[in-house]
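By letter and in written order, the chains are A, B, C and D; residue numbering begins at 1 in each of them.
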Amino acid sequence: MASQMPNQAHKFAFGLWTVGNRGGDPFGEPVRPPLDPCESVRRLGALGTYGVSFHDDDLIPPGTSPAERDRIVADFRKALDDAGMVVTMATTNLFGDPVFRDGAFTSNDPAVRRYAIAKVMRNLDLAAELGAGIYVFWGGREGVESLAAKDGRLALDRFREALDFLCGYVIDHGYPMRFALEPKPNEPRGDLFLPTVGHALAFIERLEHPEMVGVNPEMAHETMAGLSFTHAVAQALWAGKLFHIDLNGQKIGRFDQDLRFGSVDLVESFHLVRLLTESGYDGPLHFDAHAYRVEDPEGVWDFAAGCMRTYRLLADKARRFAEDKEIQAALRDAGSADLARPTVGAYSAEAADRLRGEPFDLESMRARGYRNERLDQLVTELLLGAR
Amino acid sequence: MASQMPNQAHKFAFGLWTVGNRGGDPFGEPVRPPLDPCESVRRLGALGTYGVSFHDDDLIPPGTSPAERDRIVADFRKALDDAGMVVTMATTNLFGDPVFRDGAFTSNDPAVRRYAIAKVMRNLDLAAELGAGIYVFWGGREGVESLAAKDGRLALDRFREALDFLCGYVIDHGYPMRFALEPKPNEPRGDLFLPTVGHALAFIERLEHPEMVGVNPEMAHETMAGLSFTHAVAQALWAGKLFHIDLNGQKIGRFDQDLRFGSVDLVESFHLVRLLTESGYDGPLHFDAHAYRVEDPEGVWDFAAGCMRTYRLLADKARRFAEDKEIQAALRDAGSADLARPTVGAYSAEAADRLRGEPFDLESMRARGYRNERLDQLVTELLLGAR
Amino acid sequence: MASQMPNQAHKFAFGLWTVGNRGGDPFGEPVRPPLDPCESVRRLGALGTYGVSFHDDDLIPPGTSPAERDRIVADFRKALDDAGMVVTMATTNLFGDPVFRDGAFTSNDPAVRRYAIAKVMRNLDLAAELGAGIYVFWGGREGVESLAAKDGRLALDRFREALDFLCGYVIDHGYPMRFALEPKPNEPRGDLFLPTVGHALAFIERLEHPEMVGVNPEMAHETMAGLSFTHAVAQALWAGKLFHIDLNGQKIGRFDQDLRFGSVDLVESFHLVRLLTESGYDGPLHFDAHAYRVEDPEGVWDFAAGCMRTYRLLADKARRFAEDKEIQAALRDAGSADLARPTVGAYSAEAADRLRGEPFDLESMRARGYRNERLDQLVTELLLGAR
Amino acid sequence: MASQMPNQAHKFAFGLWTVGNRGGDPFGEPVRPPLDPCESVRRLGALGTYGVSFHDDDLIPPGTSPAERDRIVADFRKALDDAGMVVTMATTNLFGDPVFRDGAFTSNDPAVRRYAIAKVMRNLDLAAELGAGIYVFWGGREGVESLAAKDGRLALDRFREALDFLCGYVIDHGYPMRFALEPKPNEPRGDLFLPTVGHALAFIERLEHPEMVGVNPEMAHETMAGLSFTHAVAQALWAGKLFHIDLNGQKIGRFDQDLRFGSVDLVESFHLVRLLTESGYDGPLHFDAHAYRVEDPEGVWDFAAGCMRTYRLLADKARRFAEDKEIQAALRDAGSADLARPTVGAYSAEAADRLRGEPFDLESMRARGYRNERLDQLVTELLLGAR
């Protein structure tokens, strides 16, 4: 199955900036030439990709004239149509320009904050024009190096103010669009506000329009902090807030690597794919990653094809996980299905009394093994193709 | 000022298990003899401590007869009264007994889950009897090593069910008590549910009684994941959810160290103290830490006195931070106060139009420096006693 | 192939303390009963294990009488013979007893240091009696929490003095035995001396008998610090110092987990197995890990069998890596074999002149891609059983 | 004392690239204009700096004509003379040019390896001309993302070959110059060869001219891996290999931050300064750091002055540490000086017999406390200016 190409039904998507990444890093110059967005669409389409996403500046370079902008948009739309692809998501570059060096929505400079909101408004129009149903906010400069410089509570006030205003804008214009916040613990700032999926989910509850804002968890970002990405996605799903997802690979505790999906942690990647499958998530499967800097332009497409192929291989294994009799028996030994059973139900004085009087066979409860080693080893063997 | 002893007004508190820690670890046996809770109270009282906290099993060893339990409670209350101290918080040991090896509220075994809830109910009665206004939940076993064994969404269902039930119990009994969830990323389980302050804050919003549940952020736990503890506390304050706090020290990315407050990161500790002071937080300042294993029983009191003394030294510096003219000038250069100014206010079509038409002097905005190096260096010098 | 049991030729070994681990941790009591060393041998033998290793205290509990010691040793040897197994390694418990709380060879107390050396001497005799060819030193207490308490240079002096003395002892007694140092970055101490394979390799060069001392790299320990274990083992092999190896699994940046081999990082585990295979390493493949705490006694053997089975599956894939034509072509594109070609040879003024005058086609050198994405993706697919 | 400016005797040095850092990062453009090296020298000189260091490309942009090169060098030398400053160290940029994308000395492409060596040779001549006594090698591209692409043993062979050749070159030319290897665990590559001070020290022992090669430990680099920088420097001193040092600040487990010295970890920074002072290290105190990206050009000099001022404040505290009677008493309680006493001396059969027969009072040895909490708290208070 996975030997054939992916197709539209797989809903794979890439950002223009991912395949367009030129390989520059803090210690070295770009190694690959710029890539035209339309060419990206053509190549991605040929690989069976469903959608693309973009930052405003990826598509419309700053300083573009209105006429030129219209030409770019028309060309881009034609390329999408030719490739049978769609725009799945759009977002704003609020981090590259020196103007945002102290933050965008949370810059200490009110003019910068207003400029940031205006920049988003402009791109919301384009996103709507191109049919993006999801608009992502990654606050790459919303943070500090010096804890003296910003009161975190005020920063959250300003962050909320900006999102409330922009929700108002989208509602006012009737755009069929939802927002997704993308958390990250650090880099490029020393510490970022809303560092994890949890912090973003909590923040959303204090917004004026919480129902139209969800999260865009990124595998690399949670992993940088050593957190289980599968658990983060599970909590987002549990809260009804998984509006989008960024797939890639990352080692814990180091710089943002944005590696090929599946290249680092096959176990976590597998359980993630299994969770997405079981949950019925049907949004785009968006890869926010880029090719190694050692690659030439052709290597970029090896990278892109690899992301999708590994996802499909893992999805196939997720299907087999559900069908494998030995694995299902091990799940029973682990009591996994029993976690779905209510423990006590809703509180009542009677229920409390009953519970207080309930006898427990502590000795046998203490002796019970959950056989997770066996279950986990079966997963290892499933992953290794040995079952 | 800090040269004198702390007193009740400082609201310092310690857990019985902190000064009572016997120095056992995964590789070595205990090195200190057991410490009687009443003796802990006496010694802490003599150091100027305001309150103590306890796990059920710290005070009432499992298997204690009802008569013996009553005697222990009476002695403990007398020791508190003699020392002029109070119980600030209570919590449940849902992690030590092998019965909880697969979790307490989220064990795959429903009987274990019921037993866990019953164990909490019993200790809620004692906590109320002893006047604890805060009841903490640390889910030390609520997690997994094998992601195959538990669906994270079901685990959150069960976690919520338990807390809803226990909120019901407290309300039904009219206990003047609030709950505080204590997050932790990992250890003793491979990955814990509700790994950070953010995840806990988000989870609370889906409870039946969110208003009576807040968080108990622990410095070591956020730090293990490399997150700014000051930011975590700021978000908890922002959400109105800082119900309690656990102070200690920890290096990023390693085992849970629970070190003396201020012993690791003076900069983060200072900004935390400054935030607590500025926010008007008036709950207990609770140290959840323990003496190094190299200490003998007397070293424990060096440890306890050190935690409080460093807090007071940093609080004094927080006061000076607010008074230091050069620091205040640097804050102005950094634009810190401007973060309190609304950016655009509430959305309206007019406001959006105005913003869209606003001219921005991008060149000067790009050139602006925020002089955080100078501000931060002044903090360094304030900390080092050089100003 | 991997579907059959391992046998002696695979040279798999386990420590008595690994299968004997009772599941205690900093937050919880043991969950499994003690396991008799002879029973461990029987069960391991039945799984096809080649050897066992032990700490002195694992086999001979402290306080054992000489007669009882002889009986234990005789029983143990008989169990080994019956199982057709050997002792591959021995080591000393210099960390559990409170006496070592400040270190063993580097305790600030000279009496403790002498006691530690005497304890090793005693076990060297037993190790020799039982035929252990490798003796491991893990300095679990050789470190600090307070950098004020020890001068690191003096600690290394004392560490060296102890090892020089013990080398002298082994030489004097004619024991056919080599030493292997096992580095670890932290835990149970805040920071350990000789924190990585590199530090240990460097230290060995300053010993009196460097030729008889090598390293025992442990996968979990290097991984805790986020270092590539494969690279660490490569440098040990390069230096001729890979005398032993500890295999297991670990997440970066957290407490010492000692998980089942292959359970965390299949990619790093695969390349490690490939390196060990290609290098011709023929020492024991020693698992220093333990079953999850959720396991009952039977789960321990699931764990042990899983370690060996995954190793064999990966070894089989290493063989296929070498035979796969597409992978070999990708290696050529990556220029991997060209790394074996000398660059310039030995220095000479002529060689330097030649090099200075050499023309370089920088444009084409800058444009060259190394196609590592494709190579790496082929490895992913090999691991997933898709090729 | 620290209130006055530093002077030449303090031996502070900065790299041209540090004050010249323009604030670009992986997510954002440069924010500060280029800084002329002569201007850097003037400004640093005015702050009381002793020396500067440079990469070849910092001083002589690639593509510079010979005549232009000579003019740049003459101007630079004049600026140094005018400022009363010296060149303390030079190094090679073997990481910025796309040609080095797969490595320099360890690129899989032999032509790249030769080009790298030739580039170093050229700059060695300039370094000698400008009087640099230390030449640093940081192998920023010597590593991998894909473990399949390079055999680590071959990479070390090539690394050694390059250094042996370049040692030969320096010897042949009679340059009074020593080499210092600068380790780093990762970034910009996924995993770097020679990831820590330990690995570099071990590697040096296998070179042809180990006596002329030492290490240049960088605080940020060891800290990224969570290792104690003070311990790393202690081991380098112990091995006689501390040839140079890079001072800065960094949080554990994140991207390379290169922060102002003392801005992150005052405790580790203090013990480092104390160690450098006590050891008599008299090489340059070199800051390899840069100003926050939020700074404008003037903020750079706040940053530079701050690095030096904090160093001097900590050096003053190191002096007081040695004079403080209470601290000295606490060191006695900790037994710190006893670590200098030999444990057993050299091996002899008699010494072994004596040791075997030595009685140990284990009960009192087990009960001994080392009072490190008190010692450490005194250090905290010394740092906070409270003693």
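What we mean here is this: contacts are C-beta pairs under 8 Å (C-beta built on N, C-alpha and C of every residue); 3 or more make two chains touch, one makes a residue touch a chain.
Remember, it's a predicted structure, so these values are computed and weren't measured experimentally.
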{"item": "Copy-to-copy rotation for chain A and chain D - C-alpha atoms, rounded to a multiple of 5°", "value": "180"}
{"item": "Chain pair showing more contacts of the two, C-D and B-D", "value": "C-D"}
{"item": "Centre-to-centre distance between chain D and chain B (centres being mean Cα positions), rounded to whole Å", "value": "37"}
{"item": "Whole-Å separation of chain centres (CA-atom averages), chain C against chain D", "value": "30"}
{"item": "Shared interface positions of chain A, touching two or more other chains", "value": "31, 97-98, 101-102, 145-146, 149, 185-186, 224, 226, 251-254, 267, 292, 294, 366-368, 370, 372, 376"}
{"item": "Of all residues in chain C, those that touch chain B in their complex", "value": "23-31, 95-98, 100-102, 140-141, 145-146, 149, 186-188, 190, 224, 226, 251-257, 259, 292-294"}
{"item": "Residues of chain A that touch chain C when the two form their complex", "value": "2, 31, 226, 251-254, 260, 262-267, 291-292, 294-300, 302-303, 305-306, 309-310, 313-314, 317, 366-374, 376-377, 380-381, 383-386"}
{"item": "Residues on chain A engaged by chain B in the complex (per definition of touch)", "value": "97-99, 101-102, 105-115, 117-118, 121-122, 144-158, 161-162, 164-169, 172, 183, 185-186, 191, 193-206, 224-228, 230-232, 234-235, 237-239, 253, 267-268, 271, 275, 278-279, 321, 327, 331, 334-336, 338-349, 351-352, 355-356, 358, 360-362, 365-368, 370, 372, 375-376, 379"}
